[in-house]
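Across the two complexes that follow, chain A remains constant while its partner is chain B and subsequently chain C.
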Partner chain A sequence: MQSLLEWVDARFPLLKVWNEHLAEYYAPKNFNFWYYFGSLAILMLVLQIFSGIFLTIHYKPDVGLAFASVEYIMRDVPWGWFIRYLHSTGASAFFIVIYLHMFRALLYGSHRGPRELVWIMGMVIFVALMAESFMGYLLPWGNMSYWGAQVIINLFDAIPVIGPGLSEWIRGDFVISDATLNRFFAFHVAAVPLVLVILVFMHIVALHRVGSNNPDGIEIKENKGADGIPLDGIPFHPYYTVKDIVAVVVFLIVLSSVLFFAPELGGWFLEHDNFTPANVLQTPPEIVPLWYFTPYYSILRACTPDYMIYLSIFVGIVGAMTLFSARNIMVKAVAVVTPLILIVGFYTLEAKFWGVVAMGVSIMVFFALPWLDRSTVKSIRYRGWMYKTALGIFVVTFLVLGYLGTQPPEGLYKALAQIGTLIYFAFFAFMPWYSQIDKTKPVPERVT
Partner chain B sequence: MSTNGVDKKRRRFLVNLTAGVGAVGSGFAVAPFVMSMTPSERAKAAGAPVEVDISKLEPGQLLTVKWRGKPVWLLNRTPVMMDSLKGLADILEDPESTDAEQPTYAKGIARAIKPELLVVVGLCTHLGCSPDKKLEAGAGAGLGADWPGGFFCPCHGSKFDLSGRVYKNVPAPRNLPVPPYSFKSDTEIVLGIDQKEGVA
Partner chain C sequence: MPVLSVAGGGNGHKLDPVSIDLEDKVSLQRGATIFVNYCLSCHSAAYMRYNRLAKDLKFSDDPKESEKFVAKNMLFAADKIGDLMKAAMPIEDAKDWFGVAPPDLTLLARYRGPDWIYTYLRSFYLDEKSPSGWNNTVFENVAMPHVLYEWQGTQKAYFTKNEEGVKVFDRFEMIKSGTKSPQDFDKDMRDLTNFFVYLGEPSQLKRQRVGWYVLLFLALFLVVTYFLKKEYWKDVH
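Up next, the complex of A and B:
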């Protein structure tokens, strides 16, 4: 055994990789609950790819056959229901894990320097994951699949000039058709998973270059022992591999309970309307995306013409504040010109286009987080009341917007979604100010 | 470090030139893949005209037919429905249908060749859902007692009147499109072929 290892090691840097990323990768010793979700995300990625391959064995990407082939998997393929539910429940579980994983960064400032690239790669993963699940949702060719895809692809239509051509290019047809289904299949089972795997690999390589953050937001590399090992670090293997396995077991218990006892979770994980085949002539009575898209969907719907006045005031305030606090003359110029262009745009281009822009920005703005946050400390443990309050309000707003996205946009619901949209953007837009003036507590030298 | 007779400037020029030509070449190599995703010849050919028999369409009835993969509605409007179109100008975005959402022979408030027969593509101009038919006026439609009858899009709440004209302050920006159509006879229309001006 030993000699076999040596033989391999002379030809492939097995030991080197093992040591660098596991046995001699020193992670802070104070990881808590929130640090499980990275490993769990890897687990979910593997499960989705694995169950997906087995679904592909029976599934047929053809508008005439797709719906029936999924029903066939559910009814006739031995254990087919299990594989299908694992994949559909898994998608929701994946998003729960990812949202908690991202929230951890907001708690402990993990997106801050020197981990900006870890964060950015994470965000690219997040966007790719949204594309992956969106395209996967078309494949069963249920009525919600069809109309959901119709709505999302039409978003691109709203882009001036290139929009119509772009959405035609995405569909491969003038309407959603067999051409669309077939290409979504190709992207869903081959292209995007491949990209995801590569991105996750890069995400971890980047993380291991800078080292993990921790609940105290302290750089453990700044306190090294005589042997060059961080005093507050412990080897990832065996300490965290074993700890993570416990998390995996607990997580799988929860996942299996949902999978076996409530795989559709009352329509939240698999919508009822998707158990009727796509009907080109009839939209489902209430069209709602899956829960993990609903906050952004609420923001999309909030932008009606009468909302433009509030958006104008909002960008005006942000512009004015930037104008007064910026020192650089270029920044000052941008702070004047951008709101003006936007306000003119709000009243000349269709509100529909701004809905699409708002939705896009609501996701993309996360990319800027490492630079919006100006606090001198990273972890919430040492921040003052302002950031804590802002983060608390943001989380509540995010959840409320998510709920409103599942409800018809009428009356009170519409008004709430419009208020929520402003709060959502305020969290990011005013962060440079409140994170800076917030009173912080002294950060200890070593992790606690 | 000795330059060993290497002309650095020239080397850099050649490297940049090679990289530049390579980039252009890669661009050309990508083109076929991008183009392969545009609608195929078969998809383009699929838009054949559709003939619809309207002889059995009673007043107040709505018929949905599929044309180019889209739902097209044919609504035989009753006199009461026609009356409901008047006096809505204040709450509509484009009451006279001046935007290019219909052929020139279908402008005005009725937006139809024969005023009572409405022909529209049943896809919301917001993001393309097919609105619900709420043809009855009044509170029964669940849209308030002053609802004059029309279409309500469940996706993001856009409203249209019985001419497919869009309300103000809803997400949809434009009236429902009127497809090109023409009368083959009194009881038969053809979707996809324009009416000759001045006929009918």
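Up next, the complex of A and C:
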């Protein structure tokens, strides 16, 4: 055994990789609950790829056969129902894990320097994951699959000049059709998963270069012992491998409880309207995306013509604040010109287009977090009341917007979604100010 | 085609709750018998096979006998026991007769829910304005006639107006009794609904059974992994 290892090691850096990423990768010893979701996200990626391969064996990407082939998997393929539910429950579970993983970064400042690239790569993974799930949702060819894709792809029509051509190019047809189903299948099973795996690899390589953050937001590499090992670090393997396995088992218990006893989860994980085949002539009463997209869907629908006045005031305030606090003349110029262009745009281009823009910005704005946050401390433990309050309000707003996205945008719900949209953007837009003036507590030398 | 798009028409008919029990094989067998005799002539259940029905519903303790029973008593619209449960009536004829192809019913229970099915089946009423002569309070202007009117009898529906002036369902009145008592008819429709829930997901009993074993295994494994973690971490301070 030893000689075999030596033989391999002379030809491949097996020991080096093992040591750098596991046995001699020193992670802070004070990881808490929030630090499980990274390894759980990898577990979910593996489960989705594994179950996806088995589904691909029996699934048929053809508008005449797709719906029936899913039911064939559910009925005639041995354990097909298990594989299918693993994949459908897994999709939602993946998003829950990813959202909690991202929330951890907001809690402890994991996106802050020197981990900006780790965060950006993570955000690219998040966007790729959204594309992956959106395209995967078309494949069962249920009625909600069809109409959901129809509504979302039609959004591109709102882009001036290139819009209609662009949406046609995405569909490969004038309507959602066999051409769309086939290309979504290709992207869902080959292109995007490949990109995801590469991005996850890069995400981890970048993380291991700078080292993990921790609930205290302290750099453990700044306190090394005589042997060059961080005093507050412990080898990832075996300590965090055995710890994460416990989390994996707990997570699998939760996942199995849904998968085996409530795979539809009352319509939240599998929508009732998707148990009837795609029908061009029969629009579902309410077209709603799955829950993990609904906050952004709410933001999209909030942008109606009567909402433009509030958006104008909002960008005006952010522009004015930037104008007065910026020192660089170029930044001052941008702070004046950008809001003016936007306000002119709000009243010249149609509101639907600004809905698409707002939805896009609501996702993309996360990329800017490392630079929006100006606090001298990273962890919420040493921040003042302002950031804590802002984060609390943001989380509640995100959940409320998520619920409103599943409801018809009328009356009180529409008003709430519009207020929520402003709060959502305010969390990011005003962060440079409130994070800076927020009173901080002294950060200890060593982890607690 | 607009007939279908108003499915679940909102005239305020509250759905009656129905109790579902997939362990009740007698009820499922009775539901299956009604289904193949009365529904399958027009509607299909084209994702389901007869032999699966024979296997799961256990018409006999011996699986071979159960298959024989299904082959003898239920195979009206198919030749082989392994066939899919297609409708006896060609879709083209159906379109001619009803103006719309009767929908496939395999997944009806997952799409509509059991309470909807149970209430729908019992809510047909006489309506001279409708092409078939029938209408339904749960599914307004449905193209389907009341297939089981001989069992249930013929009922008339009364409507009132609510505060906003919208027509809402008030009550039914039986104008001609059927061959079955209301209690017996409700029981039959409960059995049929029960069968639809089975038909929507034949694996659900197995799914739940396997689920308990999985959870049991994970619970035991959790104990092992927890102590493993504790053992390793005792020297971390």
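Annotations for the structure displayed:
The criterion applied here is as follows: the second predicted complex is superposed on the first by the 448 of 448 C-alpha atoms of A that agree within 3 Å, B and C clash if a C-alpha of one lies under 4 Å from a C-alpha of the other, contacts with A are read in each partner's own complex, and residues count from 1 in each chain.
The rule we apply is simple: a contact is a pair of C-beta atoms (placed from the backbone, for glycine too) under 8 Å apart; a residue touches a chain by one contact, two chains touch by 3 or more.
Bear in mind that the values here come from a model prediction, so they are computed numbers and not experimental data.
Looking at the shared chain after the overlay, A:256 reaches chain C, while chain B stays out of its contact range. Of the two partner chains placed by superposition, A:445 touches none, neither chain B nor chain C.
Of the two partner chains placed around the shared chain by superposition, chain C is the only one that A:75 touches, whereas chain B remains out of contact.
Using the contact criterion defined above for the overlaid structures, shared-chain residue A:283 touches chain B and also reaches chain C. Of the two partner chains, chain C is the only one touched by A:238; chain B is not. Judged by the touch definition given at the top, the superposed model places A:169 against chain B, while chain C stays out of reach.
Common to the chain B and chain C interfaces on chain A are residues 281-283, 285. Those residues of chain A that touch chain C in the shared complex are 29, 68, 71-72, 74-76, 81-82, 85, 234, 238-239, 242-243, 245-246, 249-250, 252-253, 256-257, 259-261, 263-264, 272-273, 275-276, 281-283, 285. For chain B in complex with chain A, the residues that touch the partner chain are 34, 37-40, 43, 47, 64, 66, 68-71, 122, 126-132, 154-157, 168-173. The part of chain A that touches chain B in the complex is made up of residues 147, 150-152, 154-155, 157, 168-177, 179, 183, 280-287, 300-301, 303-306, 350-352, 355, 408-410, 414.
Listing the residues of chain C that touch chain A in their complex gives 1, 4-5, 8, 46-49, 52, 103, 106-107, 110-113, 200-203, 207-208, 210-212, 214-215, 218-219, 221-222, 225-226, 228-229, 232-233, 236.
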